[in-house]
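The two complexes that follow have chain A in common; it is paired with chain B in the first and with chain C in the second.
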Partner chain A sequence: MTLNISSNTKYVLESADFQQLIDVLVDMGYRVIGPTLDHNAVTYDDITSVTDLPIGWTDEQNAATYRLISRADEAFFGYVIAPQSWKKFLYPSQVRLWQATLANGSFEVAPEPEKSQPMAFIGVRACELHAIAIQDKIFLEGDYVDPTYHANRENLFMVAVNCGQAGGTCFCTSVNTGPKVETGYDLALTEVIDPETHYFVVEIGTERGRQVVEQLSVRAADKREAKLPKSITDQTATQMKRYLNTDGIKELLYANFENARWDDIAQRCLACTNCTMVCPTCFCTTVEDMTDLTGQQAERTRKWDSCFTMDFSYIHGGSVRYTSKSRYRQWMTHKLATWIDQFGTLGCVGCGRCITWCPAGIDITAELEAIRQTKGTAEAKKEVSNENVG
Partner chain B sequence: MTHEKKQKPKLAVWKFASCDGCQLSILDCEDELLVVAGAVEIAYFPEATRAVVRGPYDVSLVEGSVTTYHDAKRIQQIRANSKFLVTIGACATSGGIQALRNFKNVDDFIRIVYARPSYIETLERSTPIAEHVFVDFELRGCPINKYQLVEVLSAYLHGRKPNTPAYSVCVECKRRGTTCVMVASGTPCLGPVTHAGCGALCPAYHRGCYGCFGPMETPNTASLSAQWQALGVDEEGLVRAFRGFNAYSEAFRKESQAHEHDDD
Partner chain C sequence: MINLTKTPLMTQKQLANPMQPEPFRVKRVMKESYDTFTLELEPIASERLFTFVPGQFNMLYIFGVGEIPVSISGDPNQPAMLVHTTRIVGSVTKAMSKLKAGDVLGVRGPFGTGWPVSDAEGCDVILVAGGIGLAPLRPVLYQTLAHRDRYGKIVLLYGTRSPEDILFRKELEKWRARFDLEIFVTVDYGDSDWHGNVGVVTKLIPKAPFDALNAVAMVCGPEVMMRFTAIELQKRGVRGDGIALSMERNMKCAIGLCGHCQFGPTFICKDGPVFTYPQLQSWLAQWEV
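The block that comes next holds the complex of A and B.
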């Protein structure tokens, strides 16, 4: 390519040339993962061709409903977000940690080999970048680095895509995680589609990203095109239908450990764990130890767990949180309050998955508001400031 | 532990009112079956072998529900002859599909089905084994999952707790990456109230869960019914859904009864 690619410039990649991006990443040795059409949803999975993308499809999301519907255009990224987040690749639902063999009266432990092929994600939304940043903090910082997460996260190539539309359960604007991609990407794309044109405005976030763009047939964006990432996401922000009021949120929840609303939620909560499984920041796991029939082989598997199961809080004598009331309260209070003490941020990025995928349609934004309203905002605030919680 | 004398534990498999499907799951273990046969002495298993080794037995696997006076006595003898008694499958654990009789008058069925009703001697209800004797472990499923059966036997042989979690089928769906059929397609699914163990088989084939493994640990059946009604399922449909293979399990029984309105 003759163009001298600079990280400070925005470029235009025609949709007809999008395959180049996939090919370049594959040639660089990446396992490329992006949105693709499953039976009844747009899910994230391995892709090799632009035809794997959910071209011309979108999703309509609301509490407890998700419908795949066709769009009037041929947009590549015209959906909102997939049912499950990128967590399933970075922090897989099931990982064998080690195997052991009985030999000469003792066990020989064989650790699992680390997987080495680096992954490239195409289509990461702003809220999802924030979720990954939160999990980075959990798994990569502090005294204990998680080896599985580290191996998957290292060398991850991130192609973010700005949201051209808000979903029915989105509330990223109220938790400051979107809809515009701001940080944490190698490349950020904004899809521009109208009857005459279909192209992507490309923003470069890292040197690695710049090197990839060098291998693509791009041209420099003109002034109007360079403004599109902002103007399109500004438009998306106006479509946001839900709102999480984070004003004094930690104190509010700490002051409402006892609240009739928890009983009301428990009437509806199935304790099925769906909210935690689809949450891009939820990180709890359990380990299962297995021996085979002969007793010669043993292995330990780590699996996604949930604070909604009875085993999760099982200690000598039984489960501590044996009512679904206590389990929902634990989950929501962790997401929106204790997480702040623990990790310095909210545990919620406003992706809305817990609302869409709750079979009972429980809406975390509405429940928080109901708790706020039970005392009346002003009164609750006054009480909280007097209590000096924390 | 069980290996002290280097004598293999004696295993017996007993059949009560059932379709034999769970016993077939044992035979279906294929690769693992030889290992099972190596680890235990198969002392009584008419479905597999005529050879009979006399009791007492270390482990008894009991399939089927109690539906006759004769069986009600027989289970007492089996319990007395077994150190560790495991029920396998929905019949033995909750009464099975034949427990549908429990919701009606059994004599009405007998009159309709048999030419000479007076020949039939049966109990009014089909009941799980645990209603008659102490059960050491209940393995769910219609039929049972063969991997779970091997896990229960392995756990027993090595003196550990089996990994057969009681959470919902949803956990298994999400772990395997299946998109929720209820949310994404409006397909009524019993998954949120059903005990895991099948590996979320039906939703992986775009079907709703039929509840083969019975109620999960904390089933909120009323909430799920409300969601089914929102999807257009009527009261009759709800009664049918909860009256499957685990109709007589407490949670499903109560939920089906809550939607049954006697008009006649």
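The block that comes next holds the complex of A and C.
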């Protein structure tokens, strides 16, 4: 620890010393969360040891396909992304908002205490950092702040890991969210592995990050090593198989609210809600009001919800979006068009989860392209009337 | 020249915990028709005043049953009393209709934007209501009548299903007796005693007495009614941006975070419920938005 750690320098942490990073974060009081194996999938969960990591495993992802495959090496972060995003920690799928008790002919409401041990995430991908930045806009930067998200987000320590490979459903390059981690991290790691060596190039993003590196057995990266984060992610970018054409995307979808392609998608979409559950930016919730058996105690729980359910748009008389066509259209138009009006950014980070986890293998990039290639009713009508004038 | 401004109102700064209901006591329940009723509520803390602007809504919670958005139908100049009028359509409104004086219910709010009542000063004010849509417009009548000299003509065009469904009937009759307020009512189907108009409310627009070039219209009713009302008003010469509409959607949070109330790019709860017509025009013509 004789090294004077500077934020402008890149360092090398040997894989054999990686446990130090986990230990330092635990000692600092963080609840350390990282990738681990569970139910034959990579899952972000509590970790205490390097051996909790999915060492030597990778994930094969494609439309409606996910499976773990063993790697030829012992890489710690040799997979692409977990099925569930970090959203489950920052904005849990189920939160009790308050409890109420009947008393003196009225009721008293007790809000839930905001309990939150600060969390440290290890293994956040570039697209996932962007997804968290998008949820920050929604929950922290609007007219109202969500207390749960705020409490979980406030002291979050972010160890990002650059992607050494692209998954079969990834398209981050086309939405400018990766594969290289650019901002929003405390530490960014690049895993370097070959038969002789296994180490991490460490980039420092914040003063907190610098203080953590001070406690690790690192050495300054040499010139060649310092270039690896860029060269490795450049290589990853070339593997990207899918592409979302964002050119005039908002106007395109606004002009194609009526388009035969929506009917075509509706033939395949099961309205199962998978895409919204795995999406790292989807934020919709519902509330459930319950009482105990005596009727004296009541509570309200908030749960993740999905615009694919009939209940979602229910008002007296029925659901506003009663066809799966309109529900898919709502989801995709929200992600790629209305989101821009609402939050100044796309609602999609190109992580590809919605493609992987759609049981029908519906691909948002392909559907957008299909809409681009066809003409919406409004546009087609205009053309017909122009012809008539001509 | 009329150009409505949007009025964003309540934010976190005004509401300590926007997701937490505050208990209010029912002072009086009034049956308006066979399926509509009005609740007069008082804060449990007697010094508490409930201030709002016409057009805003509250989330009303029945202990253990559930919570729904309901517009405020009372007088904004009487903040000691909170008044809601609604129709029995689901489990929460049904439980609400069974409340008696002394019972308690939870209130969160007020939320959302209000009617352009101050923008309308110096103009003729046209209120077009369909059915229960009269409830969120009643505070506009209270407000404009309290400052009657600031407005030109005040005209209410009200369409409802049948004579039995007429909301606030006694109050309407009282107001109709005034010389400074014009009220026209039409019903979908009359009975043998009905000598008034029959047909959709849009039919009243062509002959209603107002200066279209200097008018602000506030419209609340079913979406299709609002859409065609806006078209009729424009045919009369009312500018599109002089028309305000109030929208309704499923709502769980009322603070723009649950996602349920989206209508195109807007969140009805925080960008609305009151919008100017140009904000919604292109979306109103679409199905299943």
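By definition in this document, the second predicted complex is superposed on the first by the 374 of 390 C-alpha atoms of A that agree within 3 Å, B and C clash if a C-alpha of one lies under 4 Å from a C-alpha of the other, contacts with A are read in each partner's own complex, and residues count from 1 in each chain.
One rule holds for everything that comes next: contacts are C-beta pairs under 8 Å (C-beta built on N, C-alpha and C of every residue); 3 or more make two chains touch, one makes a residue touch a chain.
Predicted model only: the values in this text are computed from it and were never measured.
> Once the shared chain is lined up, is A:D341 touching chain B (first), chain C (second), both, or neither of them?
second
> Look at A:N162 in the shared chain and tell me whether it touches chain B only, chain C only, both, or neither; answer first, second, both or neither.
Neither: A:N162 stays clear of chain B and chain C.
> Report for A:P83: first if it touches chain B alone, second if chain C alone, otherwise both or neither.
First partner only.
> One more residue to check, A:G295. First (chain B), second (chain C), both or neither?
The answer is both, since A:G295 touches chain B and chain C.
> Tell me the contact category for A:T365 with respect to chain B and chain C: first, second, both or neither.
neither
> If you stack the two complexes on chain A, which partner ends up touching A:R321: first (chain B), second (chain C), both, or neither?
In the superposed model, A:R321 contacts chain C only, not chain B.
> Looking at the overlay, does A:N152 come into contact with chain B only (first), chain C only (second), both, or neither?
It touches nothing on chain B or chain C.
> For A:A271, is the partner it touches chain B (first), chain C (second), both, or none of the two (neither)?
In the superposition, A:A271 touches chain B alone.
> Take the contacts of chain A with chain B and those with chain C, and give the residues found in both.
Of chain A, residues 289-291, 295 contact chain B in one complex and chain C in the other.
> Using the touch definition from the top, list the residues of chain C that touch chain A in their complex.
Of all residues in chain C, those touching chain A are 8, 11-12, 17-23, 25, 44, 61, 63-67, 87, 89-90, 102, 104, 106, 248-250, 252-253, 255-260, 262, 264-265, 267, 270, 282, 286-289.
> Which bits of chain A are touching chain C when the two form their complex?
97-98, 100, 102, 105-109, 111, 138-139, 142-147, 254, 257-258, 283-287, 289-291, 295, 298, 300, 305, 307, 312-317, 320-323, 325-326, 329-330, 334, 337-338, 341-342
> Of all residues in chain B, which touch chain A in the complex?
32, 35-36, 38-39, 150-151, 153-155, 157-158, 160, 163, 165-168, 170-171, 174-177, 179-186, 189, 191-193, 206, 217-218, 220, 222-224, 226-227
> Can you tell me which positions in chain A touch chain B when the two form their complex?
It is residues 38-41, 43, 64-68, 83-84, 88, 93-94, 267-274, 277-278, 288-295, 303-304, 306, 308-311, 324, 356-357, 359-361 of chain A that touch chain B.
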